[in-house]
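The chains carry the letters A, B and C, assigned in the order they are written, with residues numbered from 1 in each.
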Amino acid sequence: MHHAGGDLIGAAPKAAARLIEELRARGPRVHCITNTVAQAYTANMLLAAGCIPSMTLSAEEIGGFVGRAEALLVNLGTFDAERREASGIAIAAAHEHKRPWVLDPVFVDRSPARAAFARDLVKRGVRVVRLNQAELAALAHGATREDAIAYARATGVVVALSGAADLVTDGTRAITIGNGHPLMARVTAMGCAGSALVAACLALEPDALLASAAALIALGVAGEIAVEKSAGPGSFAIAIIDALAALDAPALLARAKVSA
Amino acid sequence: MHHAGGDLIGAAPKAAARLIEELRARGPRVHCITNTVAQAYTANMLLAAGCIPSMTLSAEEIGGFVGRAEALLVNLGTFDAERREASGIAIAAAHEHKRPWVLDPVFVDRSPARAAFARDLVKRGVRVVRLNQAELAALAHGATREDAIAYARATGVVVALSGAADLVTDGTRAITIGNGHPLMARVTAMGCAGSALVAACLALEPDALLASAAALIALGVAGEIAVEKSAGPGSFAIAIIDALAALDAPALLARAKVSA
Amino acid sequence: MHHAGGDLIGAAPKAAARLIEELRARGPRVHCITNTVAQAYTANMLLAAGCIPSMTLSAEEIGGFVGRAEALLVNLGTFDAERREASGIAIAAAHEHKRPWVLDPVFVDRSPARAAFARDLVKRGVRVVRLNQAELAALAHGATREDAIAYARATGVVVALSGAADLVTDGTRAITIGNGHPLMARVTAMGCAGSALVAACLALEPDALLASAAALIALGVAGEIAVEKSAGPGSFAIAIIDALAALDAPALLARAKVSA
């Protein structure tokens, strides 16, 4: 069941190369429910990639924003009543308008209430869940990295699991992405911005596994380029925005590190 | 009716040159009701210009903050109940203490509820409305760039309309500002920060058209200087803060691009 | 009563040198209730220092976050109902789990309601209050810099008072720290980030005066290093993150400026 095959390993870098160009050409609108820590950085990463971010949470208007966007991100980083209500309305609007959406269940390992809320969201048509191993364990009752494929199959959701290497699986296919740099973990909202890029790629690419892999390859390669111009996590956080904005197909094809 | 005259074209760069020095010398307090995406960047831009920003929204204290500030910005970027209530209190305090205030009706083109709220605010003594063409159309029932002067005249409000070139008009006079760089549109909160600079200049300059023009010239020139030191939108967003902090009268007078 | 003694003057730089290494080695969790303007910058400064920040405010889960953290920061920068409620729950959890916490009473000089709230918090077991002179005067009914030692003694709280030089006192001992650079006042959230570093050091060092002094020395030295690589407040804000991440014991011991 766990087979990537040469096709996927060849296809993912090509998808990254194609989507990075298409994002710039088409400028999809991506609505983000995200925590206040991550909002500005996420918006700047989406803008660097050529997208048009929006971030309102207001119950009166979030449905309209999601309906006019091409994709939605729901990030649980600050789990307040306003965001919970906004999430419900936004997901209903995404369903009504057939917009793909991504869940980033930040810190569900730290809060049982948040984990329960996230488990409920997973049942509501999410296309991709992006998370780390502690979050997966909290979401799926102790699931390990080895269980990610079974969890994806059982839920029908693409799992994009971060770690030393990223694992992306839809339960049938799986691919490992080795791009990136440890400094990425030293910048707040880097993970949130990565999830937003997954949503952006999903706006243009219906194969959610391929869209997720493309976004993570692009972000990881941008990180590798940025680290060459950085003196620490502060300048790295800035340089990766520049690198994402300048990323091109040849760099992605040359640097993508994917394996089964 | 649409006449800038040589006076205004000569006066605007001089006002920018004078105000950029006065902001540093006098350090006006500028209270900002702005969206969480834009808060930090707006605060840093105001600090770079020599101002003292504050951003509280609490109903108990926002009136006091506005009363002790020299100008107010109301930005509708995140249109939640808390900000709506805060806006009402803040505007009443601005009226009571005779403080000028600026409206930035972000994304009114995306939300009828927000547009209706903004239209109501315009009637409450706002001095400057800063917006783009889609926002003007939503605010003024389909108004185009050509209608901006008539809208300013009808409402008694200075309109600062962004675009390939900025148009600033009070309904009688009008001026076009050609400074700036396309990268400014790739940085989140750049427009919001520009509106905050308009409020800052309005704290010191009673002629709202001149204050608006001065702020937009200063920001545009800072952007032109910054782009020379940038490798993309990430480093540009930082370099423009440096450039604004270092901006001086000779650079403004030499680089200002104003026309009728 | 006001005696630093050679011991403290020698001990503070050594504590800074030790704690900057221990933060990286042990990565304490620091929960921050802070204003939305400061959240991202504070998180990035804590990450640069090797800590793990969290920032949720949700009443359902903040108690759990604080219980699993090693220290807490309560910053009053945006004084809304949600943060007031969160502060109460968080402080109760800190008390229950014996976690040290730091208060940063931002802008209490601008709002009597905020000052009253802060005075109430000071009675609830806070270890360190970090503030400027206007804030001290508002908190302690007109107290001046000279009164800081008496205020610390009367309340049993360490006072970390910013100014041209920082004064840190527990009412018995006092130390003055001369590190830093004027550009630090031109970056929003720099003070908030400094208070977060105090909380981080307090997670590892039970002597609250030494922990506070170490954090302020480290931040000040990072600022001095950063200014050498900066072209203004924008690049300075980034360079100080890099400098903090790279800070080592020799630089701290060589550059610390402490006096009685």
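Heads up, the rule we're going with is that contacts are C-beta pairs under 8 Å (C-beta built on N, C-alpha and C of every residue); 3 or more make two chains touch, one makes a residue touch a chain.
None of the values given here were measured: they were computed from a predicted structure.
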Interface composition of copies subunit B and subunit C: same or different, split at half: different
Angle of the C-alpha superposing rotation, subunit A to subunit C, to the nearest 5 degrees: 120
Where subunit B and subunit C are represented by their mean Cα positions, the distance between them in whole Å: 34
Touching two or more other chains - residues of subunit C: 36, 40, 237-238
Footprint of subunit B on subunit C - complex, ascending: 35-38, 40-41, 77-81, 107, 110-114, 186-189, 230-235, 237-238
Contact set on subunit C toward subunit A in their complex: 36, 39-40, 43-44, 47-48, 53-58, 60-61, 64-65, 68, 82, 229, 237-243, 245-246
